[in-house]
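Two complexes come next, and they have one chain in common, chain A, joined by chain B in the first and chain C in the second.
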Partner chain A sequence: MADTVKLTIDGHEVHAPAGMLVIDAAKLAGIEIPAFCYYEGLTLQAACRMCLVEVEKMPKLMTACTLPVAEGLVVRTETPQVAAARKYMLEFLLTNHPLDCPVCDKGGECELQDMAFRYGAGESRYNETKVHTPEKQYSPVVFFDAPRCILCYRCVRICNEGMGVNALGVVERGAVSEIAPNHGDHLECDECGACIDICPVGALTSGIYRYQTRPWEMTHVGTICTHCSDGCKTTLGTRNDRILRGNNRDRSGINGEFLCIKGRYGFDFYDHPDRLQAPLMRVNGKLEEVSWAQALAAVAEKFKQTIGAGTFGIVGSNHTTNEENYYLQKFARSVLGTNNIDHHRTGDVVTLVDALSGKSGALATVADLCERKAFLVLGADLALEHPLLSYQIRANYRHHQAHVYVVTPKAVREDKYAAATMRGRDYESLRDKLKAQPELVILFDDSYQGGELRKLVDFGESLGIPVRYVCLVDYANSRGAIDMGLTPELLPGYQPSGQSGLHLDEMLAAELSVLWVVGANPLENAARKSGFLVVQDLFLTETALQADIVLPAACAYEKNGTVTSGTGEVQRLKRAIETMGAKPDLEIIGFIAREMGAAAALGPWTPDAVFEEIRKNVRGYDVAMPALSTGGAAQTMPVNGRVAVPGPAGLVRSDRNGLFASGTLGRYSKVLNSVLESRLSR
Partner chain B sequence: MLYNEPSPLETRVLSRRFGMAHSESIETYLATEGYQAFLKASKMTPDEIISEMKASNLRGRGGAGFPAGMKWSFVPRTSPKPKYIVVNADEGEPGTCKDRVLMENDPHQLIEGVLIAGLAVDAHAGWIYIRGEYRYLIDIMDRAIAEAHERGWLGKNIQGTGFDFDLYTHTGAGSYECGEESALLESLEGKRGVPRIRPPFPAVAGAFQCPTVLNNVETFCAAPAILLNGGAAFAALGIPKAGGTKLTCLTGHINKPGVYELRLGFPVKQMIEEVGGGMRNGKKLKAFIPGGSSCPVLTAAECEGATMDYDSMAQRKSMLGSGGVVIMDEDTCMVKACLRLMKFYAHESCGWCIPCREGTAWLTKIMTRFHSGGGSPQDIGLLGDIAKNMLGRTFCPLGDAAALPMISIVEKFRGEFEDHLNGKPCPYEHSNRMVTA
Partner chain C sequence: MTFSPQLEARFAKLLESYPAGRQRAAMIPMLLYAQDEIGSVTDELVEEVAQRVGVTPLQVNEVVSYYSMLHREARGKYHVQVCTNISCLLHDADQLLEHTCQKLGIENHGVTPDGQFSIEEVECMGACSWAPAIQVNYDYHHFVTPEKLDRLLDGLRKKQ
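And then the complex of A and B:
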């Protein structure tokens, strides 16, 4: 443990670890020292001068944000001199500030307002003209209103240090200094909006949220991003059943305050005009709107007729909840009597679980990314495909100098700070360097599957150091789909299903009596072969267009349940808004079961009840409820024991969405399609 | 080139080659004991060199007056990192123009000073950071560096001593703040010229995070004389605690403005009357800035008995600064002079920290309004107040440099502010002014 030093802050004796800054040590004693530019995790600036405190034996006021604690230090944070410094610092800040709080997006949650309220003077002594510059748009996402900027440089730092993008800088100097894109007059960056959220004032505003509402008029709902498998928590601000913004300013999730463009703004597909509002049924060759009752009755009828008389195929989803997936496979296996169930696999988790059988703790968690000392990144362009994981490894490097090794087909952002980087697949040449590390986390994409993946695990296990693995998968519940047994060969919890059914490609090729697609678009580039096609989806996708019956489904932000991130954290989705017409897939499946008279055998179809069953029946999911139910993440631990039936080769295909695409959903997101970079990256 | 006649009252040590034919050439330099101090130092241990520097009582000539020998001794010589020498030739302080004449007339003296510092801290490379406006001086220094390379006074194994050293010029990016040592280092590294948080100081983590000796041109230029004649001899030229001579730039309403090398402790009165040839047009002295615009202004009365050294100026709550003396006569409008200073600081504030960025701009706006007749009695108090709210609370000393003259002018010349009230025309507007705001 680090040495502890004893100091006095406002008369309280504080014991703080050596090296800690006075501003943080004060927090230990419950004393808040005001700050704008100091921001945990980012480099020190000492620019805003809000944190000035009196220190005994020092002639001048000192910035608590740069002063390390020292034995016997005597600090005072509330003397008249300190109070005056704060008051006048705010006076300086407000000289050129437009004070347009009534129309400012930040009004109500603005740090400058809060500070002025607590420490500021009641009146202004400033009688001169203010510097005014017109508002600028830097991208469809990022707007900048220079007069509101207090130059705390948080945006510059989060972009450069946090995101590794370095898109923002400062131009000019003195009172006309301005935050500006480093790329001329516009941004070319990740468009993540981290700069906007970190801005203490309303200088950076978002093209999606600006001028929509006042913050206090919204309801804030913490849920999980429905795009990639990284599992970021996003807090949706809603009003009148409309989602107005996403952020995670309370840092409550596994992602802290991190979100990429999809988590922060990519919710907008939910009210796309093409969203399905009512069930559709094919009448005389054309899809026509029908009532839920009609549609459900027709599906139930068809299913009942087919049981025992024909063949079923079920395609599940990478986006639906664990409860929905579990319920769907249970329905398939126990009511429809088939193992013909699969989904679009985007990473070879099954082979990894098999190759690691007998070992515990070999699957890396998201915490490992922040803490472990060495990483080997294989294949993936993490910054584009797994933005959170990339962010965490970068933070680990910045704070703990993690050693990162990169073996990828093309240049990646990690190259910049990697201990070694190479193009191709020759990770074995890193053997000596890796052996010298105390521990290692290996992250690999779908280009490592089957035999290649077994070779990789053999390599990892031969290094003689603790090695953990992350099998990168694409979507919000890709991992949960496998864990919940949406595969013909495995039941929930990686238990062999006995007699394997048809896998995805076989089902699409076979002339099945009924194909039931729940939240997927497997026929995007293919014609249907099945006799009857039922599709549950948000949109009339290429697959839905070929259906006999289409049931409009709720999206992740419109329902409750749980999803499991690629690194195995199970987290809760919380309904943020009500839907018109569409229903959660779990409900739809339940209603079909009820219509068929099979509901009793399946049990209730509420998310809580199904999750209880998952906790009991699915290996690894017996997680503690308190964290989960309060919006935290619970770690699942599936690995232990051999998976007897490895999946067939070639089934695993990542969509390689990058930052500005997200499978079918991404096509319906205005923001993802509007940013310059999404065109550049195509 | 020299810009003024030398004065017999000067003590010419650093400027002793000024006025010689081709004083900037390596031939002249070598013919006048040039590089002998380096050869002598190359036979000494680093500790011996540093103790000569300490004995000389040489204090930094860039403005802050930190003892040079002490600064060199802070460099961790055993650090595995390379060590660097950086010459601060940004010379941006209003009223200051001495580094320019030193480089223009005797560039090799600077190179030799750098080499001595290199020996003292085991550095093998250095940069001269020259303000961009001194374009022609960059050419002069580049030429001198090339000559030194040709004659084997720079490069590998200098004169068979086994010591290697490479020296480069670096063009400043046009900002006063880049003369502040840590902003200079940022700028040298190709970044925006804003200061760094200290500690660590440059001696420990300077250029490219490596241990660095950073001094003013004049400070380095004193090193050859110190090594050649001994630290004690140099110290004896000055007064206790402040050794040697100082190049003093006499500017303003004086008959013989120019750069003069004077012993530390030289009486102010004598400097004005004898060295500078007295006040122009026989006018009376009104205000005196001892060492560049960042120092508090002294009144004529305060100049009584004052001497040009650190302690005497500190007693009068001002500073010796960089040696840029500004002399203002009785016809000077102090409000306008103050406005001119504030404009300078507002223009030069790097903008990094709130009090300086906003304070200098605010002061300038009030002063502009005030000087043009739009002032109110409250403004006078407000000006002093704003400056006091900046003082000691800014990130780097530029904020103080702006606040101090403001505070001192309001305090000492309050009457002149009152004269401007109520839309009265500036009472000095007709006069022969040195300031154009």
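And then the complex of A and C:
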């Protein structure tokens, strides 16, 4: 077969790759063929009949979404016959479709509205009674309004093929057929909401967004989800400093339009009633609200007294931005004069970086997961802990039949299509099978660290094929926290800090003069030992409750900056809303520095200025700005030499958050809790 | 779920009849045969068939709810299906249906209290040349008149 074929669409000569469908070939020529059921990347359905076109020498109209291009094909998309077919198809779709557009969530961004506007008839000839059934709630997230459904099967396919969950189907027949959930009257699924976003009409709506706003009243801000480390872009729809929805229908970002429940709906912690909106100071043993000026002055005073006279400990966060992490460690090292700085490590990135020293292109990107030929998944239940990575590998198998090898302690979703599955850790017995692959990506969780991880990399390198690695970490900026030197032994860019300070566990156990916790909850199950405790957080966590001063921090959706995903891809956070009283951690740290008279030494505390410094000083972060500033991702590659200081053993502990958990933050998300509660009540 | 040895043997043969990986093709005949044996398609049967052919119960349910010859409710021992499609209708099939209902004292889609008879109005059964036609379980009856129908039903009732 020739690589490209020549065909004619509406008189234009089009050169399209062999095997391409006419509907896509038309797009190449700038001709739009309307369709509801056709969806790039999913199986073909040919259910909606909107894409009918005239093809020369074919007796009937053909569906452009199932017709592959052929040499010399002559297609016409705008003939009277085609126009009539489209009009009649829309008339059929509208026979039972309710005209409740004025109150429908989808009104204004509805594909059926758009098509009726462009191709439909201005009036209806149907004067029978419409079939109507009341709407149903399938889960805390998913509502279904059957009469609005046009049976395009997009939701069924995205759930079966995209998510691998098989939670939706179509039951009954003809005018009464409808979308049904997998467990009688309710859904048991990932609650990701992909079915809702992919619905061309308002048949599937979400419990979070429904009846909140008209779509055109929102402002849309593309930012990065703050929950897990997969780095999905979520486009937040906001109005009056409130986030109303998250989705990624424009397919920008490394995740395309994929999002799990956390990215789509898990933003709702920002307006939790427990959200801190004023600084708190311990007065007579009780935390009382004070002004920012009072709180900052008190912190600066305490810090100044302690320099040279006492000991500091600083605990950084897995959620704060690279700029905040960089600025925090600079503050700690140059102003407070200590290397006692650490964070909760969730994957052994340090050992991986060291073991891969001298190699380039050894870290996989999210795009690699959809393109490489073979995968070895070690330890993690990807579908629950890293849903985007799981989605990518599933898509890879669907489109390119990738070979997936699974070595995990328990059954995982990947088992279903894996080339080989094994319970336990004996990946070495797969040596021969892996050696036969042209290339490999190895994904491993925190159960592979230290010596075990070095053994794994040795194994990978001994296969004699190109191998790339993904060290799975838990949170939105877990990777960035290590890259930015939130560790006692390493400076930003994995440079040795000279004299190592105390590690996280040591700091919590030591009787330090001052412990400063920025966006973390290390004292969740422990009592404080330090003389003075300063906490920056969104909520009164177990750690904040024990503090002397609590400073209310802005969440990721309320600030600018950059974060680095688990695959090492740097992306930009963009402020979507502001919450009264809370300040971004970078600003808080800057204000403390100013109060102490140390601001000049640290430099300006604006995200752009700090990122410029990071680009200049941190190994691997000299990324191209155009990609980043237009909302894209750039992979950092910190490896080019040995890491002089080995990471201490036992500090790497993953929280193993499932789909409905997200560390301390997850506790404050209404939607995540409502799903958990609805399952418990059953 | 356990079935009779004959049905199990039939299932085994069915599953072998399709190429490897295409066992889901056996779904419809399995459901039909099992329905004949246990009277209706129960939730338990849906789960069982799903597991045997390697699909989700929802996918089996999609099929069951689509095809009218698969039914979730129990029917009578003799399921009387009266065609009212065009050829039969031209031969007064509508009156024949009404007569059947009166004779058995139940409505369309109903089952007699003793569980012996049920009625269903059906679409064309491909017996137009012998209209009006009815089907009782798998048996066809041609050129049916109210009198012929009475004799047939009385005969079946005696057979019990």
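Please note the rule applied: the second predicted complex is superposed on the first by the 673 of 682 C-alpha atoms of A that agree within 3 Å, B and C clash if a C-alpha of one lies under 4 Å from a C-alpha of the other, contacts with A are read in each partner's own complex, and residues count from 1 in each chain.
Note that a residue touches a chain if its C-beta (ideal position, glycine included) is under 8 Å from a C-beta of that chain, and two chains touch if they have at least 3 such contacts.
Only a predicted model underlies this, so the values are computations on that prediction, with no experimental measurement involved.
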Side-by-side fit of chain B and chain C on chain A, or clash: clash
First (chain B), second (chain C), both or neither touched by A:Y88: first
Chain B versus chain C as contact partner of A:C48, first or second or both or neither: first
Touched partner set for A:D250, first chain B, second chain C, both or neither: neither
Chain B versus chain C as contact partner of A:N182, first or second or both or neither: second
Touched partner set for A:R173, first chain B, second chain C, both or neither: both
Chain A residues touched - chain C or chain B, whichever exceeds: B
Superposition clash, chain B versus chain C, among 62-70, 170-178, 260-268 or 314-322: 170-178
On chain A, positions contacted by chain B and by chain C: 169-170, 172-173, 177
Touch list for chain A against partner chain B, complex: 44-49, 52, 60-61, 66, 84-85, 88-89, 91-93, 95-96, 125-126, 128-129, 131, 150-151, 169-170, 172-177
For the chain C and chain A complex, residues of the former touching the latter: 56-59, 61-62, 65-66
Complex contact set, residues of chain A against chain C: 166-173, 177, 180-182
Contact set on chain B toward chain A in their complex: 175, 177, 192, 197, 346-355, 357-362, 365-366, 369, 382, 389, 392-395
